[in-house]
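Encoded as structure tokens, here's the structure I'll be asking about.
Going by the order they are written in, the chains are A, B, C, D, E and F; count residues from 1 in each one.
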Amino acid sequence: MKRVDLILSERELDAVIKAIDAAGAPGYSVLKHVTGKGPHGLVSDSMDFSGLGANAHVIVFCPEEVLPKLRQGIQPLLDYYGGVAFVAEAEAL
Amino acid sequence: MDSSLILQNLLSPPVLFFFLGVIAVLVGSDLEIPSPLPKLFSLYLLLAIGFKGGLELQHSGLGGQVLPTIAAAVGMSLLVPVYSFLLLKLRFDGFNAAAIAATYGSISAVTFITAEGFLETQKLPFDGFMVAALALMESPAIIVGLLLVKLASPQRRPDAKEMRWQELLREAFLNSSVLLLVGSLVIGLLVAAYSPASVAKMLPFSEQLFYGALSFFLLDMGIVAAQRIRDLREAGAFLVGFSILMPLFNSLVGVLISRGLGLEPGNALLFVVLCASASYIAVPAAMRMTVPEANPSLYISMALGVTFPFNIIVGIPLYMTLVNTFLPSPG
Amino acid sequence: MDSSLILQNLLSPPVLFFFLGVIAVLVGSDLEIPSPLPKLFSLYLLLAIGFKGGLELQHSGLGGQVLPTIAAAVGMSLLVPVYSFLLLKLRFDGFNAAAIAATYGSISAVTFITAEGFLETQKLPFDGFMVAALALMESPAIIVGLLLVKLASPQRRPDAKEMRWQELLREAFLNSSVLLLVGSLVIGLLVAAYSPASVAKMLPFSEQLFYGALSFFLLDMGIVAAQRIRDLREAGAFLVGFSILMPLFNSLVGVLISRGLGLEPGNALLFVVLCASASYIAVPAAMRMTVPEANPSLYISMALGVTFPFNIIVGIPLYMTLVNTFLPSPG
Amino acid sequence: MKRVDLILSERELDAVIKAIDAAGAPGYSVLKHVTGKGPHGLVSDSMDFSGLGANAHVIVFCPEEVLPKLRQGIQPLLDYYGGVAFVAEAEAL
Amino acid sequence: MDSSLILQNLLSPPVLFFFLGVIAVLVGSDLEIPSPLPKLFSLYLLLAIGFKGGLELQHSGLGGQVLPTIAAAVGMSLLVPVYSFLLLKLRFDGFNAAAIAATYGSISAVTFITAEGFLETQKLPFDGFMVAALALMESPAIIVGLLLVKLASPQRRPDAKEMRWQELLREAFLNSSVLLLVGSLVIGLLVAAYSPASVAKMLPFSEQLFYGALSFFLLDMGIVAAQRIRDLREAGAFLVGFSILMPLFNSLVGVLISRGLGLEPGNALLFVVLCASASYIAVPAAMRMTVPEANPSLYISMALGVTFPFNIIVGIPLYMTLVNTFLPSPG
Amino acid sequence: MKRVDLILSERELDAVIKAIDAAGAPGYSVLKHVTGKGPHGLVSDSMDFSGLGANAHVIVFCPEEVLPKLRQGIQPLLDYYGGVAFVAEAEAL
């Protein structure tokens, strides 16, 4: 199995989840209120009240076959809006 | 200008708590109002101001100055982005120019609410329909901003997916602050008309807590605004100047329109504040989504780090002086 | 039935804010009340209703109709799950049938609170002991539900660890909503008896804010209920029908019992609302833990997506009409 | 060292922590308010006020020896209540 | 001692809700007030108490007992850590002794607030300058604690980076609770002097809600304190004894100083409560950062799990009895 | 690429972020409100109102070269205040 970690703005979350579902992943988990820094600068949650939100961290455990389709759905979002995506190995406990 | 007005404004609890928030950041204190508590206050303030506006609108009806004033307000929210854009285009690309322009065409509900508080301590009346104007000025600037992007920078957006207009219109007209404001206004209207007994039961929540909740929220706004000030180095002198001079210019236009409409001083001040304020809620959220090419730290920092404090601290009493000067005296 | 009652209920702030929440979901707005803010309101409402009930109970004492009414209420919370189960067993396995049955045996505090608000705008009095009935109806249905599981499906649970009865009883009788409600009721009782000076100091918090806080919370409930409606495709027509007809049947039983007990109209309405409402708080939480074989999206969606809105919108005025029709007129 | 990621309902958290302690892990970290989707459907935090809660993400860094006992304590919970558990390599910084 | 005072205190809503929280933990209920809701109440209480103190200070001015009382309060916050340290050093290393000593030199704002509530139900007046004393007693103990660490254990800290005094002073004097308290006090002062019209608009928020919000917050404090009690096994009998006897000793010193200052009974009680209470907010946060060698579960559990409940439940009425006994009767 | 996971008290977060920036990492993500247990005992968020706070989880995706400098900046903080830091492999999606 593979583990995919996505970190990007909460505002793109719906589109990302659509892409994960479309790629046929067996599930996913989402953590909101992630702050951080990347090429586009600092992201804090102090503007939360305004609907701008902070980042979300999405974890997907999926078989290797899912990766290409996932990449295809996610990459345009990352390119356009920013955010990072990494893959690592994982095996069922 | 009337310096006692400035002083009275400066020494009101909302403005003082705003300063306290600014000071907390400047001295490096760890004072913070953790998320989502600010959201609680911002939802509350929108609900309460909408509800109150609805109650009053039911009493005043839609006659007289109501429709012309609302039309003028919407007109300003369409016009301001256009001339702001032309000015900003001198220094910026179409994306950033359009996003900043849209920000200044829209409004800041908290500035409006603070102005209402100011009027109440001045014992100047104002009408519920101004809340309708507030609600209707949030969205149009978003649409104008996106049309400007489309017009000005099509060649630079070859790969961009065609704009998702449905999503965009929803973002503009059904975003949470517009919906809550309009919804609460309609609820206030209906309740005032058909369930007057329950109005009294709402007031301790919607009216009496209002001023204290505003003060508490402005403590947070002070913290957030002060954090934004740091980003201004990036923005540069042109944008800082724009963030103060554009509101001033818009306030002058607003005063002249108020005079033309024959508004009372209280309503006139609110009208001017709507023209002079800039959005750091609905518009940045929409621009972040639909024009990611623009740099959010520019438009948010300008609206929240400069224009908002300027309006809260000196703008409101200054605009009051303008209103008192340019409007025919009621005597 | 009295259509003006329906209209008055529809046009009250709590119900209108509930609609606003539903509309927000239907039009796809991003309006949301982020966690844990809804918890703040739900804790507050339980505390306030319990405290208020305690104050009133201290004044009325435990004589007269108090104990019979409470006994009848507990009886209903034991009986409703049994006949609900027998009906549901026609279509579902023992796990789901028992979980849904328990849900309808227990109560919805927010429905009760909304009914109190309705009575207040109707200027109909009601008594503090009804809050005790509310508190005591939460738990028994949980136990009945689990006994039904044990009776009906032992053979299908070979590997299940033996039921942890201690944990279960704690979940039933000491879950946070029961504890806060009962605790606040006892505190209200003690304070009314021994520290009357501090009652007045609590009232701005516990009484005056109540109606506004209820309205705000129902905005969230509207959002959550509307999100649940989507799950109903899964539930199917039988369950949707059950979610409306079972409360109606229970309300008829409740009216007859109220008549038998000789309750005043206000108390009778509250009694009927207790019978007709379904739990989406304590029971689902307990069932999720102790009967994970049952599908939570069924019982939560029925209670929250159908029965709750039905009761809030048409149920309360309908039950009022039933009460007015079946109870001997006080004249 | 190994890194174990557990994602399951907040309501089972106490039992999971008991199992981690019993397995002799040197520590653990817990994040609540995780939403997601898995074989049992969607989990949101909109029912948070009701005590139903969302999911929790538990991270355990532990030596390989701990894994068998951890598996033994956790697996029945995952089987009965749902949730996922994955293992990966990790070395001290 | 006057047992009716104890009973009246025990049966007040804040103390009863504190008990409810304790009970919830003891019976294993899942009642909790999720983060950051407790922070909302703690921010609110500091803001409201500071604002109220400022309003009153403006009326009373800085003459008479004000400055001597404040000086005595600061003196106590410097002195208590010193003799506490000497005592604790008999059993503990310098790090833990200094951290615990600092904890008892500083104050607990919630204990102070609860004492104000007690005085109000006793109809005993007190003055706004006591809030200034409260604010000024938070910080000095932190500095003393760190000097004690430096003096007592330099040889054991070879690798520790030299103390970052700037960061430390900021932590001591500009931490969020001190800043919010002092800021709100100054705002209250300014508003009372220059914007009296807005005072009335703040009161529903800052005054009327106060008692209810305190009760709600104490529900959470009961939960947290009860969770801390478990850590006391680790602390041992010496520390549990210290957590009760040191406040008692400090209260005696406080009563004698009050007598010397000629304070009224209300102010005297507040002065004694300041001396007798221990910090579980500002000081632990500072010690955690600057003396990580000390074990936080010791000093937090002592202050929050023993001294705080002791003061809230029996301390306040006991100190009132001391005040009534030792102060010259006003007749 | 490498993935670094740091878990430590929220109060040391500023110092940790300074160290990450100084090490030249391309970005980082922060999750607050993490509870847990380690050699120094239990950490809950029930004292949140007091400013004591809970733990933070910091994730850094960075090239291997960054690790030595990161270690150098972070290790003294972990030694003095507690907390854990682990490294694993990660590749861009």
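Methods note: a contact is a pair of C-beta atoms (placed from the backbone, for glycine too) under 8 Å apart; a residue touches a chain by one contact, two chains touch by 3 or more.
Predicted model, so just to flag it, every value in this text is computed and none were measured.
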Chain of greatest Cα-centre distance to subunit B: D
Subunit C and subunit E have mean C-alpha positions lying a whole-number Å distance apart equal to 41
Between subunit A and subunit F, what distance separates the C-alpha centroids? Give it in angstrom. 20
Going by the touch rule set out above, which residues of subunit E reach two or more other chains? 30, 32, 35-36, 39-40, 175-176, 204, 208-209
Listing for subunit A: what residues touch at least two other chains? 31, 33, 51, 88-89
Please list, in label order, each pair of chains that touches. A-B, A-D, A-F, B-C, B-E, C-D, C-E, D-F, E-F
Under the stated contact criterion, what part of subunit F meets subunit E in this complex? 9, 11, 33, 41, 44-52, 80-82
So, in the complex, the side of subunit B touching subunit E is made of residues 7-8, 11-13, 16-17, 20, 23-24, 27-37, 40, 117, 120-121, 204, 208-209, 211-213, 215-216, 219
In their shared complex, subunit B is touched by residues of subunit E numbered 36, 39-40, 43-44, 47, 51, 170, 174-176, 179-180, 183-184, 187, 190-191, 194-195, 197-198, 201-202, 204-206, 208-209
Enumerate the contact residues on subunit F facing subunit D in the complex. 4-7, 31, 33-39, 55, 57, 67, 70-71, 74-75, 84-89
Which residues of subunit D touch subunit F once you look at their complex with the stated criterion? 1, 3, 21, 26-33, 59, 61, 88-93
